[in-house]
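So that you can tell them apart, the chains are marked A, B, C and D in the order they are listed, and the count of residues begins at 1 in each.
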Amino acid sequence: MATLNLLQAVNDALFTEMRRDERVVVFGEDVARAGGVFRTTDGLLKEFGEARVFDTPLAESGIIGIGVGMALYGLRPVAEIQFLDFIYPGFDQIVNEAAKMRYRSGGQFTCPMVIRAPYGGGIRGGHYHSQSTEAYFAHTSGLKVVIPSTPADAKGLLAASIRDPDPVIFLEPKHLYRSARGEVPEGEHVEPLGRARLVRRGEHVTLVAWGAMVPVCERSAEEAATEGVQVEVLDLRSLVPLDVDALLASVARTGRLVVVHEAARTAGFGAEVSALVAERAIEYLEAPIYRVTGYDTPFPFALENDYLPTPARVLDAVRQAVRY
Amino acid sequence: MATLNLLQAVNDALFTEMRRDERVVVFGEDVARAGGVFRTTDGLLKEFGEARVFDTPLAESGIIGIGVGMALYGLRPVAEIQFLDFIYPGFDQIVNEAAKMRYRSGGQFTCPMVIRAPYGGGIRGGHYHSQSTEAYFAHTSGLKVVIPSTPADAKGLLAASIRDPDPVIFLEPKHLYRSARGEVPEGEHVEPLGRARLVRRGEHVTLVAWGAMVPVCERSAEEAATEGVQVEVLDLRSLVPLDVDALLASVARTGRLVVVHEAARTAGFGAEVSALVAERAIEYLEAPIYRVTGYDTPFPFALENDYLPTPARVLDAVRQAVRY
Amino acid sequence: MTTEPVLQAKTAGVPPGEASTGLSLAELKHLYRTMVRTRALDERGMNLQRQGRIAFYVPSTGQEAAHIGSAFALRADDWVFPSYREPGIALLRGAPVRELVLQLYGRDLGRTRGRQMPNHFAFADLHLVSISSPIGTQIVQATGCAMAMRARGRDQVAMTWFGDGATSSNDFHVGLNFAGVYRAPVVFFCQNNGWAITLPVDRQTASTTLAVKAKAYGLPGVRVDGNDVRAVVTAARDAVDRARAGGGPTLIEAVTYRMGPHSTSDDPRRYRTEAECETWARRDPLERLRHDLEGQGAWTQAQEDEVRAAARDEVNTAVAEAEAAPSPDPRDLFEEVYAELPWNLEEQRRGLLRPGGE
Amino acid sequence: MTTEPVLQAKTAGVPPGEASTGLSLAELKHLYRTMVRTRALDERGMNLQRQGRIAFYVPSTGQEAAHIGSAFALRADDWVFPSYREPGIALLRGAPVRELVLQLYGRDLGRTRGRQMPNHFAFADLHLVSISSPIGTQIVQATGCAMAMRARGRDQVAMTWFGDGATSSNDFHVGLNFAGVYRAPVVFFCQNNGWAITLPVDRQTASTTLAVKAKAYGLPGVRVDGNDVRAVVTAARDAVDRARAGGGPTLIEAVTYRMGPHSTSDDPRRYRTEAECETWARRDPLERLRHDLEGQGAWTQAQEDEVRAAARDEVNTAVAEAEAAPSPDPRDLFEEVYAELPWNLEEQRRGLLRPGGE
């Protein structure tokens, strides 16, 4: 075990998987020579050379499209999009091509690729360096959507994503790149997709979150504990496939649910979590299902801290659920 | 009043609004000379000339991007995307530009444009002529999302969308283009955005739908009536802004909710409808909230009729809700 | 297309009918036979749709020399990324007609298992990549595939086909640009058939030709008479050889004509003249190749009759088989979305199979 | 950029310092003053970020002649669509420095009301369209705006600025293609500063120049020494006049250099050499114009001192004002998402304002 931050854990996963499987290639804007604007790909060029680690022209449609072509041929492309906010020029290749390749070809062609992107707020990045539009991808059948919140998970889930036979959108909470630190297993480490992580047990309320909202929920839970409210925190880790059993089991235990995400509320992935519970576990509910989320605005610049869910806002919803 | 089908009603709205406001321009692939692949723009070129009605090169990013530029300058562009399935090359201009223009410029620049697209299944069109990805747009703050299900609404809502000061995604259920017929007011006709239509009153269950699923729900409701179950059918008409009052009022009356849409279930807009109710009206619920939707697969070709919600599938959910 | 009207075809300097193209008589006959088989399939496909037996069809009629001639320049282990208008590529590479017809019918036995509209073929064994409707997407995929070939040290080549309309797409731009930067072994074959549904090519772009667009990416751009199969093969071989030898990508513009409608949903009389159609009917690539063969005394009426009859027969047999073949089982809806069936699809499948639905 | 290395600047045939450019001494001085003001703002902006007083900054240092010279060719009623690296356009068109600095600080008084990152200006009264980060999007918007001008029968022109990296974007391709087809009165001004963050332009594209890309769209493409303000003005006027007269769009490639980092988040020593930086330091566009003026006996050290001091002073005053200015009120979060506040935003605003949150 080494103590790494999330950024280093991503880097570690890339090194490990590239050493293990020579079909893995890494590319994107500024990833090779400079090692990425956040340095997640630092050192890869030196060890693996230009054939496997390369900088691309400025075109996300190209980055994702060549990834699809490489995956078809049998490589394991890991494409980096510099910020999730810039992925949309390549959206068509994701939604209409990568996601449907296996299905539309009757299983003849597959698209095992990973699209990595830093996402979320917290770096004073305004509209275009802060978005969290994971719901777009979660609504796209054929894709998997994976989001780590700890260094160990960043490594294990990225490794699993690279080994996965299907296209995976791997979103890295950039706010945690340096602030999340923790023990990370050395060498190969794979964390299977589709299993939530029970961050904290509690009997009164379930908080469901992912990415940078997990530590926010943890802080809320600590605060709540001082008020005698025992909060359970569930980190979904992958939105697709979703660990519905863990979700329902937790709600069955606590009878109260608050979903927390950074993205705008309307049609965010929190709605799906809520709907699943309203469909399958309503008999356990002792309170409405609350959502604490970003607002239905573009991501702001000066008012970022008002926009992002805080422990206080989460706690407020927890209190409401308990008092209901 | 004239009896028109939905396609003719769209055409009527375009004529009426173009006559009323010379800033309205219409463009897209094959819309001018040929009057559109579905003929919704038939006759416009002849009356309004090439400066206001024109064919574009094959590039959705261009179609939407020039629309943004025209709207900035003060025109009222109505851009047609030939099928919603082909909108993604222009997704960036919608999500990062049109939707954020007013906000990011502090209200100095606005983007009053309409993006029209036929959407949904029912024409044996397979993956790429059948999609209904309205949830992507509903999750994008700054956009409005409007979907008519009757000819009169097609005319009135399209007129309102063209007059709206903000960008509107206007989705036309192509399956209803010819099959939906009805009385349509002549001359100017505006149906305000953000108001649901109570299609049918009933005391036992609320069915919420939009687009081509509205007639499906109506048939279910008729069927249910023969079993003594009185079903209320609510046509949302615009997903953003949403008529939350109508939704909650109906659920308060019936105590049971089934949401129906064509799109894939996971993170579809049905989840938002469900979540709103689970948050605000859970005390009225006498049953779980069910969703009858397309499956979490790409839209299929041969098995289209198995994929699309049918009156029988909706009825099954209605029965479950009642029996619960 | 202001200065050099695209509808006026030009060869790449290869006089038609010249033996110097290096095509043997046997090869020319093979090409001809494939072109005839393709046309037979197209004619039948159009009819089947009119009879309501299949949902849709896209004909390649008039463009057989362009797409078949270009594919002829490839090895079996090269990869092909066609659009929806090149059924002849599949036939040339050995796909049985029955497989194509099963696909048109959306049958379960077809390789795409009824999941895609007609003409959206996929043959992994032929390295013929799954065709999709969105215009241009295959262009950048072909570049990526070619980059992968190079990264793996193989001497394979990728070739991709698309129309004049596709040159306006995002993916044309990025596909050619990436290919130029990485000198990927890929050949971009544009079938300029004059029209993108109802839009004539001179309203698609103001560039003088489509071939000239190669300059924007530092690539050679070649314009060839797409109805002259010899010229097409020559241009394609040149580009393929260069790519294989490490010389990088090429853009080829084949000037040709869509003699039929855009698809069975289209009526071309709404937007183009009889005269234009007649001019191009006289340039029918099948006629041209047959006259060439006849001129060399290498083709008789009996051979012609035999080839036509055989082509018709094989399509008839395939149609009969497809009509009898089963449609996909509803449970297939849920397969191959992912390698493994996740819980939600499993549950949805159970719901569908339950009487009544959910 | 294989055959004609882009880093070797060339003028569009206009010898620098030639009075034949038609620029009066007063005009040259105005240009110089604007360039100095721009540099003063950039220097201060970089410092403010280093001091942690603003979040971010993007300098234009080295590129003043290119972006200011090109904007100089426009009328006040023309529309401009810049990227994030052209603060001098706003200054030239009359934006007060205080407005720019308020924007850098994200203050409520700033025109973008604290909603955007620094350098993402917007001035409706100057027809300076809201700048966004996604590369290339403004290019096609400028085309659309120009099409609208024509449709309304106005004789205005739109000009848009972008970098070498942006030529790879989807919207470069579609923007230029649409402009060519509709002969829109738009000028595409590419500042080729040699780098897209860490990627050198010869890895961005294999084309010989960026100007040559115009050919793909049937447009004139011009390459100009972007550090020579006279050459830039000449090339831009030419293009603007043509556009205004109905002659359609032009692509101008100005060869210049980003003397500073990409932004305050970047350290260029990671990817480029000292030598390269020194070479370009000697081509500093401010120095060049000053020598030119001095050569004509039209510039004294006293004038220089006055201009520099005035530029510094106006920035200082602006900074002092911005520091004292209020930040946006949290309730502003919800405004101007739409023209009217919908129920959900109203409710969310109420929640935010309630103590405790939701």
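Here, a contact is a pair of C-beta atoms (placed from the backbone, for glycine too) under 8 Å apart; a residue touches a chain by one contact, two chains touch by 3 or more.
Just so it is clear, the model here is predicted, and its values are computed rather than measured.
Chemist: Most remote chain relative to subunit B, going by C-alpha centroids?
Modeler: D
Chemist: In terms of contact pairs by residue number, which of B-D, B-C or A-D shares over half with A-C?
Modeler: The same interface as A-C is formed by B-D.
Chemist: Just the number, please: Cα centre separation of subunit A and subunit B in whole Å.
Modeler: Those two chain centres are 30 Å apart.
Chemist: Distance between subunit C and subunit D based on Cα centroids, please, to the nearest Å.
Modeler: Chain centroid spacing, subunit C to subunit D, equals 44 Å.
Chemist: Subunit B to subunit C: how many Å between their CA centres?
Modeler: 35
Chemist: What parts of subunit A, by residue number, touch at least two of the other chains?
Modeler: 57, 59, 61-62, 85, 88-89, 92, 96, 100, 103-104, 127-128, 141-142, 240, 242, 266, 290, 295-298
Chemist: Touching at least two other chains at once: which residues of subunit D meet that condition?
Modeler: As it turns out, subunit D has residues touching two or more other chains at 115-116, 120, 132, 134, 168, 170-171, 173-174, 177, 181, 203-205, 337, 342, 344.
Chemist: Of all residues in subunit C, which touch subunit B in the complex?
Modeler: Against subunit B, the touching part of subunit C is residues 55-56, 106-108, 114-117, 120, 132-136, 165-166, 168-171, 196-199, 203-205, 265, 270-271, 327-328, 330, 332-334, 337, 342, 344-345, 348, 352, 356-358.
Chemist: Which stretch or stretches of subunit D touch subunit C in the complex?
Modeler: Against subunit C, subunit D makes touches at 2, 168, 170, 172-174, 177, 180-181, 183, 203-208, 212-213, 215-219.
Chemist: Mind pulling up the subunit B residues that touch subunit C in the complex?
Modeler: Touch list, subunit B to subunit C: 29-30, 33-34, 37, 55, 57-59, 61-62, 85-86, 88-89, 124-129, 265-266, 290, 292, 295-298, 300-303, 306-307, 310, 312-317, 319-320.
Chemist: Which residues of subunit D touch subunit B in their complex?
Modeler: 79, 81, 110-113, 115-116, 120, 122-124, 129-130, 132, 134, 137, 139-152, 158, 170-171, 173-175, 177-178, 181-182, 335-339, 342-344
Chemist: Please output the residues of subunit A touching subunit B within their complex, sorted ascending.
Modeler: Within the complex, subunit A touches subunit B at residues 61, 85, 88-89, 91-92, 95-96, 99-100, 103-104, 127-128, 133, 135-136, 138-142, 240, 242, 263-264, 266-272, 274-275, 277-280, 282-283, 285, 287-291, 295-298.
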